[in-house]
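In the two complexes that follow, chain A is the common piece, with chain B as its partner first and chain C second.
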Partner chain A sequence: MERKQADYGTQDERYMIQGERYQGQQYSHIYFTRLHHMRTLLHALVPSRNPNVPVTTVLGLEEGKDCVLVGTLFKHMKLKPSILDEYSKERSVVPLVKPHNFMHPEDNLILEDESGRVALAGAIPPAAYVTGVVVALHGKETSAGNFLVEDVLEAGLPPQTLLPSINEDKYVVFVSGLSVGSSTFNPLQFQLLIDHITGHLGDENEQTVASKIVRVVVAGNSVHIAPRYLNGQTVAAKDQPRIAEPIKELDIMLTQLVASLPVDIMPGCNDPANFSLPQQPLHRCLFSGASTYNTFSSCPNPHEFELDNVKFLGTSGQNIDDLYKYSDAKDRLEFMERTLTWRHLAPTAPNSLGCYPYTDKDPFLVESCPHVYFVGNQDRYESRLLQGSEKQQVRLISIPRFCDTGIAVMLNLRNLECTTLSFSTSFDS
Partner chain B sequence: MRSDGDVKSFFRQQKARPGAAAAAKPTGGVSKKQAPLPHQKQAAALLFHPTPDHADGADARREEEDRERKAREFDMDMRYGPCLGLTRAQRWHRAAALGLAPPPHALCSDDQPCLWEGRV
Partner chain C sequence: MASTGVKDFYRQKKKGGVAKTSSSSKKKTGASVGASNPAQMPALISHGSLDLEDDFSEQEEQLRQFDLDMKFGPCIGVNRLQRWERASAMGLQPPPHLRDLLTHASSVKNRNTQCLWEGKI
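Moving on to the complex of A and B:
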């Protein structure tokens, strides 16, 4: 039995921080380039959706006159934590934060461009938007000085290359949130996954399926290092091996995987990588065993690649988790869908999500639509095929944490269908 | 009062005391003084024979002032994006890459910071 192969091409250059120099620049540059790119895009869309309506700037608004505005949204949030609150003398009267996010019924949206800002009212629900999204709005200025929105024009799904027709089954396995070293991590469960993928488990049928797996993507949070070692104090010499222990264990596991098929590993928020997005690849030295194989590739987060010309784009989950804190949707897939229609992977960066202060570009703009869009470290498995207005098809996958659920996701390259691989080590369930 | 008159008087004020201005601003273009155009130098020498050095210096200074004025106008033009944390050349390159048609490259080929650097 021979393992299937797939042509792999990485498109991660845009997420690599190379030759950038920090010269005290602030985040205004990112917002400027984002607005500039999105405005050219939206200006091209306005004539087809709202013909005969003039496009203007905030400064050029006239009361009662129909027009289209393009700008960056700012969401004024009552409950958004602010460092200044901790220094304020008087006890704040701010109501308590809900357990899961910072939303409040009084949140309101403001639109900004280079010339000014205007408060928004009307047909734009604050709950669905976050700071940093660029939209075009059709409406008019009211006598109160607000902008009454009639219609929101989002950029929509980016253009997509044609999905290649593959006439045989080839699978890609996604796993995230291994959390090696945490109390919930079950080594046997992960070993079962490895043995299944490498074809050491099951009968001939299962091995045939396993031989069609062409790649494994580890989407973040692979290790868990006890927080008591990360409190900023010098780590005692006797504790140092304990910090390295989870990584060594992960390396042993990964070595078994890379010996039989290609593996991509992305950093997540708990991994020993930089905090701010885009997270740079985990250093090869961390994986002394696995990195000796050329099937091992350490990738940045976000990660963009192609397998047999099927385009993949994914993150380790920070962008969606942050949207969940500052906006509302019925499930995680809806957040993912929004980031695609806004054409921006992480609109809340740099506002509430760490981000490198780029001066000449915004790397998170989505210029071409992926076929598969995955997000790691979510609570549960969800998947949906998203249809765009121009026949784009995107498979959205929310990958659950493996250490909590024991679920890995298997995607078929032939028809973009998704199944789960579920592993359990207890008899009663 | 006309507003453009205001701007002009602002620039003239800056130029009237070149010594003070150079001391105050971190930018000061020093390199251009050594390279006045040769034919201008000759013309100046022919016309103002009694005081050639003086005329030559004034000419070069005027040219430099002109350059610096244009560079500052570029700094102040918010169409090309925020300027703090970038050198003029970097900002020019970004504007060109974004298709914003910035003014001629010559005035920003230096690695000077913008007008506001260190002041805000």
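Moving on to the complex of A and C:
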């Protein structure tokens, strides 16, 4: 049985740090480029949303005058951990055990541009926003000195190229959170997944479906190394091989996969890659077996690629997890939708998410709308087809951790429909 | 090392009058107020170079105004040519003659390539 193929192209150049030279710069540059880029965009959109309203800077605000302001949001959060808390003289309310979510009813938003900052009030709920988002606000300055917001203008979904019409079923499998080497890792479960994808499982019907899988994307956290080896203390000689074991085991399993079809592997927060975003691709030397195949692709996080002209964009989860810590939404998909509406993959970078201090660009700006937007290492599988105001259609996918749920996601390129592949090794579930 | 430091500090001939009046006749901006102080102890200079008046030319003044212009973004952490190129790529239209200044001057004097806060913050 022949496996189907799809044309693949990456757009990952913007996430590679190879050419960057660090000169001791701080993060002011990345905020400047972000503001400039988004402001140019928003200035173009304002006339259609709020015609006849003047656009001004923070310093040019006049009391009582209706206007539009464009700037970067800063959310002042009481519970946000600060390094200075260690040095404060009085014991403050902040507990030693960090809460998962730092929101507080008294959080307030401030808008900032090059000329100054102004506190915000009115129709802009702090719970929905985070520091680093660039928005246009329609309102007026009050006598109290803050800006009363009437309406928020977000950039909205970026323009999207037309979804190509593919007349046969071709599937892409997404999996994340394999966590090889952790106590929750079940090797049989992973082996079942591999056997299913490579067509070694099931009868002819199952094999036919498996032959239509054109690519596997592993979205982060493929290995798990015991934290006691990573706390900075010297590792005893007898324990040193233990650090490499999970990676070797992953390599053996991946070799089975790459022998059969193309695989993209992305780093996650637990993988041996750099900490700050964009995470650079996992080094080929880690995969001595799998990297000998030309179907093996080590990719950065975030990862942007195209399959048969269907655009994909995704991360290993750090951007959405960080949004969850600093804002509120009804589900993870809503956070994902917000990042697309704000046209920025990781607005909390560099504020609370590690990021490279770029001087002349912000690679997380989303310029063209993907057809598929995936996020790895989430608690549950969730999926939705998002409709944009200009007929954009995005398939949002929240990929659950495989070690906890045994679920991988299968996407059909023809119609962007999503199903799950569920593997269990116990009879009673 | 010590002897050359002392020699630079105690100038053999007075520069005095001409340089001083030319800098004070310019409009006092934030940049020039700090720069026109000639008496700097070597001990207080950490790793920046000695800020002598005769380096404070008309061209340097223009470059400093470019550094301080908020429209082109923050100036610390990138050298002036990079900042100019970035401003140009963003469509902010930085003055073209500054680019010639920067590409010409960089081979003559090292200090013009870095922003005015370089080594001081």
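What we mean here is this: the second predicted complex is superposed on the first by the 422 of 429 C-alpha atoms of A that agree within 3 Å, B and C clash if a C-alpha of one lies under 4 Å from a C-alpha of the other, contacts with A are read in each partner's own complex, and residues count from 1 in each chain.
The definition used in the following text is that a contact is a pair of C-beta atoms (placed from the backbone, for glycine too) under 8 Å apart; a residue touches a chain by one contact, two chains touch by 3 or more.
Here the structure is a predicted model, which is why all the values come from computation and not from measurement.
*Asks:* Overlaying on chain A: chain B and chain C, fit or clash?
*Replies:* Pair status: clash.
*Asks:* Between chain B (first) and chain C (second), which does A:184 come into contact with in this model arrangement: first, second, both, or neither?
*Replies:* After superposition on chain A, A:184 lies in contact with neither partner.
*Asks:* So, A:32: does it touch chain B (first), chain C (second), both, or neither?
*Replies:* both
*Asks:* Can A:23 be said to touch chain B (first), chain C (second), both, or neither?
*Replies:* both
*Asks:* Same chain A residues contacting chain B and chain C, which ones?
*Replies:* Residues common to the chain A contacts of chain C and of chain B are 23-26, 28-29, 32-33, 36, 114, 357, 359-360, listed in rising order.
*Asks:* Okay, in this complex, where on chain A does chain C touch?
*Replies:* 23-26, 28-29, 32-33, 36, 114-115, 357, 359-360
*Asks:* Mind pulling up the chain A residues that touch chain B in the complex?
*Replies:* 23-26, 28-29, 32-33, 36-37, 40, 114, 357, 359-360
*Asks:* With touch defined as at the start, can you tell me which chain C residues reach chain A in the complex?
*Replies:* Contact set of chain C toward chain A: 70-71, 73-74, 76-79, 82, 85-86, 89-90.
*Asks:* Where on chain B is chain A touching in the complex?
*Replies:* Within the complex, chain B touches chain A at residues 78-79, 81-82, 84-87, 90, 93-94, 97-100.
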